[in-house]
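Pasting the structures here.
Here subunit A shows up in two complexes: once beside subunit B, once beside subunit C.
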Partner chain A sequence: MENKNINININNNINKNISINSIKTITMPLVPYLGLMLVILIFYITTDGKLFSPYNTRIVVQQATALSIICLGAVFVYSLGELDVSIGACVGICTLLEINIINMGYPLIVGFIAALVLALSFGLINGAFSSWLGLPSIITSLFLMFVGGGVQALITLKSNTITTDYDFTLWKETWFQILMLVIVSLIVAYLFNYTRVGKYTKSIGANKVAASQSGVNVFKYRIIAFLIMGFNVALASIFILSRSASSSKATGGGMHMDVMIALIVGGMPLAGGMKSRFTSALLGAFIYVILTNGLTLSGVGITYVPFVKSIIFIVIVIITGRKKGGILPR
Partner chain B sequence: MKKIISTLIMFCMIFSLTACSKSSKVSSTGEADKATLSDVTIGIVGYSNSGTMYNSYVAFYNQITKATGIKFKFATGSSFDESANVTAVQNLISSGCNGIIMTMDSGMTSIIEEAESANVYVAGYLNSMNQSLSKIKDNKYFLGTVSDGYLDGSKIGQKAAELVIKDNKKNVGVITYPHNYFPTHAQADKGFRVAIDAFNKTAAEKDKITVYDSQQLSFKQLDPTYFKKHPKLDSIFGMALTFVYPTMVSANVQNVKLYATAYDDSDSYVKGFNAGTIGMETCSNVESMIYPVALIANAIKETQFTDKPAVAEAVETNTVFLTNKDEQKSFAAGALFVSSDAKNSLLSDDNIRSLIKATNKDATYGNLVKTMQGWSIEDIKAKQK
Partner chain C sequence: MDNTLQVLLEVTNINKCFGPTVALRDVGIEVRKGEIRGLVGENGSGKSTLASIIAGMQKSDSGEMFFMGKKWEPDSMIGAQIEGISMILQEMNTISGVSVAENLFAGQEKKFSKFGLISKNKMNIAGDNLLKSFGVDHIKASDSIDLYGFEDRKLIEIVRTVTKDTKILVVDETTTALTHSGREFLYKLIEKIANENKAVIFISHDMDEILKVCNVVTVLRDGDIIGNLIKEEMNPKTIRYMMVGREIGDAYYRTDYDTTHDEEIALEFKDAWFSSVSDFNLKLHKGEIIGIGGLSGSGMRDIGRAAFGLTTITSGDIECKGKKIRGCNDAIQRGIAYISKNRDTEALILQGSIADNIALPSIPELTGPALFISPLALRKHAQELTDKFSIKCGNVNQYISTLSGGNKQKVSFAKWIGKGSDIFIMDCPTRGVDIGVKQSMYQLIAQMKKEGKAILMISEELSELIGMCDEIVMIKNDKLSARVKRSKELKEIDLIEYMI
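After this line comes the complex of A and B, so read on.
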């Protein structure tokens, strides 16, 4: 009888755990969406509706476009369980390259191609060297961050800021930004969800050894992930350049942290793996931008803005964080 | 459970902070019939959101709000990150600002385009906008800018040279910020050398002054090896007070006198003045912020000065020189910059209203500039009597 009672209790506990896990499995992916809706609702109330004014909508889209595009590329890298802190330096040098080429009289496409070559080189170095040397990519990207920062400083040695008179009107149009965002999102969605690139990067992030022994060319797909991010960085650099029509040694500074925060807030697991979603990029980027925008519109004193953002960030990490060592797949 | 509690805490935090934030806005507390500019909200993009300088701005803006009803909002910008400045301006405009004061010359072209699209006026403070002025001065939404002290840095160099000559110094080092970022430092350096060269032409051989090559600090502390490289050094013309003096203190250099630009009221610097280690500090008046405020308020109310130049310009304000411990003491006790007390303001509420055409139809641009350029340490001393 006692054994029967114990068995019943064990079965009840297992059923209870399975129910809780099922609920978590269903609801956890919804948390970032709920987060975005919550942020929008709260700031709609606290800003007396200014959040959705035509001007504010335009600037939110403008501020979020470049960040979203970079985050969409970074999704591949983060799903590997890797980090890249050279994003900011890469953006900075890309904008400097583009502005100098434009100022020499060449069309923007030439500048973009040069920036693309540079950004892909960053990706190749990050992906290849970290794999060859068996180092976390954060180490190789740190090296590139310092090199990139130094190059930025050297290029801007003689003048603080390099400006251009190039007409970026098209790149600042809201419809164009949304169009580019939609196109990039669709391409990333396809690559991430329906091709080997996405599936293999996630599986490498889940368990590199298992992926390798299953026949996945880990070296190749790590490089592809970083190359995809490089492409997105080059594309985003044009949007960043178009906002101010100038570039300096500080352009892109801190962008790697913005990307990390946006992805985490959007629900991307830092350890990568099968639970990675490309939607984290869009949700996180918009949450991040609306947070800063909404706090300013709400009249929160600038002294408090970093504090409030850090509290919100910590709470979201606690809500969406998973215990390490859980059952595969992650 | 932990996550539910976290969510609840988040709700409480957001609601309480954003609710409290409404009361943190600067609001008019002045007499209703004198606060005629309550529909003017000016956003200021500054260097920092704390410290002596920030506190003094807030004190002066509170005084302006009391006198005129103009409201102010703050955002932090960057000298080097243009995108950050554009973002700050966009957020301020979106929050209801119809005027923007910029304290840094970075991203100005895009900022003026943004302001134009939003029908918002922009003016500058603490900045001569020498990088962008030629491109934006013809735009009707850019109204002008006032620099941090003299526009022509050579006047500061000349003053420093006078003091070096007066104090009978013989071997002078020159330390500045990077000249490409701070052209006024390059002007001051040149002005200093020209003045010393002029003195040397008529001085006896034993009285001639040697000026060492300039050292440009990239916003890092002066390396103590500087003093070993120049063993005969007896003075420094340092345009980076807070990057030079701490090194002198930590290296225990006592036989070198520092003639610096900028001002710091902390104990170490006061002691330096008293001990004679610091021979000069400079500061511009916080009250010169009235220049961009007046221009913006007038533009919004469509009552601009009739004698304002058709094209926006950069004007200078007076630089206050502190050359002895008495002046340093008077400044510390009486200047709005240090005390952040509106009672120390060189402008009364009536003065403020009289300088803005929207509140005084007889106000002129010429008088505004003259007032701003006329302040000196004597005015600060007079406030204390």
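After this line comes the complex of A and C, so read on.
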């Protein structure tokens, strides 16, 4: 009899554990949604509704489109537990390539293809070379960040800013931006959740050894992840170019950090793994853009914006409970 | 029990958890002078945990211990040893590259030093004297420890651990690595300690040994003390019943002695050299179970890893169905399944769900047109296997990290059965698995043999190799040392000489 009681107790304990776990699993992914709602609500109030004025909505969508598209590509890389700090430099060179090719009289598509080739080779270097050389991808991407910055400076040597009179009207249309964002989101959602690409990258991020011993070609899927991101970077570079129809050596600067912050705020675990979600990209990018935009709009002095941002950032990270080893390896 | 015997160590209400796993629950024992107390229980029953808490290796979550009337809170194993409780561990614990004497007096160099210089001469003389006092004449203190084999090193370790201050000696599954003479040495030492009115805590899974050595036995199951038995009450049946909590029945291992198998060769090692293993030859046929036994570190694990394409082969060939294996992906595609010993770090993704883990190797099969993997099909696949293996869980979306060792192991079997693999390389397949699950694993493996699957079973547990395999290949120092056919008469002691 005693034994039976003990067994029942154990079972109760296990059930409790499971229910706590399952509550957490259900609620944790909701936090970024709450974060987005909170950010919208706060700035809607502090800006007296100006946040959603037609003009400002256009700006928010425009800024969020480019960032979201890059973040959606970066989801694959981040789910591997890898980082890429060469995104900013890559965006910069892409826009320079595009603008120079357009100015030579070729159509935009030629410029895009050139940018695509460049972004894909960045991806290839980060994905493949790092494997061959046995380096973490952050090292190769740091290398590319320096090289890219140098190339940007070289191209813009004569005139600091290169401009074009190409007509970007379509790319500046809000409906077109939203349409593109929806298309990219759907493709990424499909690849990430319903094909082996996402399943494998998440598995590699969670446990590289177990993944490769289960038949996952780690080398191949690392490269695929970086290539997908390369494609998205090239696409986003057109939206970035279209904003001012110009490019300088500062274009794209710090973009890799924006991507990282957006993904963290959106709930992406930095170590990658099974808990990675593609929605982190969309949520994070919009939270980040609205945050930046809303702060300026509510009249926070430009000098104080970084401080306020940092506080909001750390608060969101603490709320999402991003501590090392959420699930204990046991 | 004679109550006039004085209590040496009292342990009360000890609790210990590892994450969600309860290792010890309100455990209390009393160790009296002159006792040789056996601790028995299945893997994961908490016997080693209890011993290591007593010996200061880890701390309990709650509960108190009293040693010779005083509160016992050892801060480390060394601290505990100085105070009078020493422990001999299962694994090898000597420092290679230095002399025997330096091993014997590791941490006590001050005794031999003058102005910060250590006199090696003094140390060697003291070492020889110490070894002689234990009756170990064939080991010289001045020799390098690398000159001695596994067993001698274990003896050196014992000599180092047992001092004149030792009041309680804890022996944790040490005898598994010892030959007959080594065992006799240890038994004599244990008896001597008990006769000196001190005590021994003896852990072993060898029932005969427990019956022979111990004068009182404590049985643990799932972190609870089930009961204590004195010498007269001890018999294998009672102890086993207490360990498991139910009748295990006769069909624990394979019951048949039918060693016939298909003629088709599934896996073949042809003069293969890899890692430290040299010139290894083996033919594994369809429907055959070959066991590989040896000590951990003997190179037997490398055999499994090499056959799965995880180790580079420096010379010779390893062929699967007549073709050379090129890497682990190739091995998987050709129907080889590998169940790693390091379940949590190599075989499973702990932060993934049961479904994620079961489906992972089968993703190419689950993929439809346009790369589409239907979540419904994936769930169904996982659900079928979860049911087939009766994995205890809420649903297939439950995280692996919340499962017990036995259920985790079921998942790592299920994922390969689901893939349809027909050559299984199992590295310690029942490690850290409770006896009930063990039994069902053995039945499953026997069933797999009948279905014509080829099985390579690498294990440190000789009893399971004897119980399951058609042929046992023993490995010693990276070389094949014996091939033994399945037979009723085969005993563990017959194999031990080939492994040490």
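Note that the second predicted complex is superposed on the first by the 302 of 330 C-alpha atoms of A that agree within 3 Å, B and C clash if a C-alpha of one lies under 4 Å from a C-alpha of the other, contacts with A are read in each partner's own complex, and residues count from 1 in each chain.
The rule is short, and it goes like this: a residue touches a chain if its C-beta (ideal position, glycine included) is under 8 Å from a C-beta of that chain, and two chains touch if they have at least 3 such contacts.
Given the structure is predicted, the values throughout are model-derived calculations rather than measurements.
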Tell me which partner A:Tyr194 touches in the superposition: subunit B (first), subunit C (second), both or neither.
-> second
Go through the superposed model and pick first if A:Lys249 touches only subunit B, second if only subunit C, both, or neither.
-> first
Using the superposition on chain A described above, determine whether A:Met104 touches subunit B (first), subunit C (second), both, or neither.
-> neither
Where does A:Ser53 make contact in the superposed view: on subunit B (first), on subunit C (second), on both, or on neither?
-> first
Is A:Ala211 contacted by the first partner subunit B, the second partner subunit C, both or neither?
-> second
Figure out whether A:Val308 sits in contact with subunit B (first) or subunit C (second), or with both, or with neither.
-> first
For subunit A, give the residues common to its interface with subunit B and its interface with subunit C.
-> none
Which subunit A residues qualify as touching subunit C in the complex?
-> 3, 6, 10, 13-14, 17-18, 21-22, 191, 193-197, 199-200, 203, 206-207, 209-217, 273-275, 326-330
Can you list the subunit B residues touching subunit A in their complex?
-> 2-3, 6-7, 9-10, 13-15, 17-19, 21-22, 24-25, 49-50, 73-76, 78-83, 85-87, 90-96, 106-107, 109-110, 118, 131-132, 135, 180-181
Spell out the part of subunit C that touches subunit A in their complex, as residue ranges.
-> 18-22, 25, 222, 224, 245, 308, 310, 328-329, 332-333, 338, 340, 344-353, 356, 360-361, 363-364, 367, 371-375, 394, 398-399, 401-402, 415
Sort out for me which residues of subunit A touch subunit B in the complex.
-> 42, 46-47, 50, 53, 55-56, 59, 62-63, 157-161, 163, 240, 243-251, 253, 292-293, 295-304, 308, 311-312, 315-316, 318-319
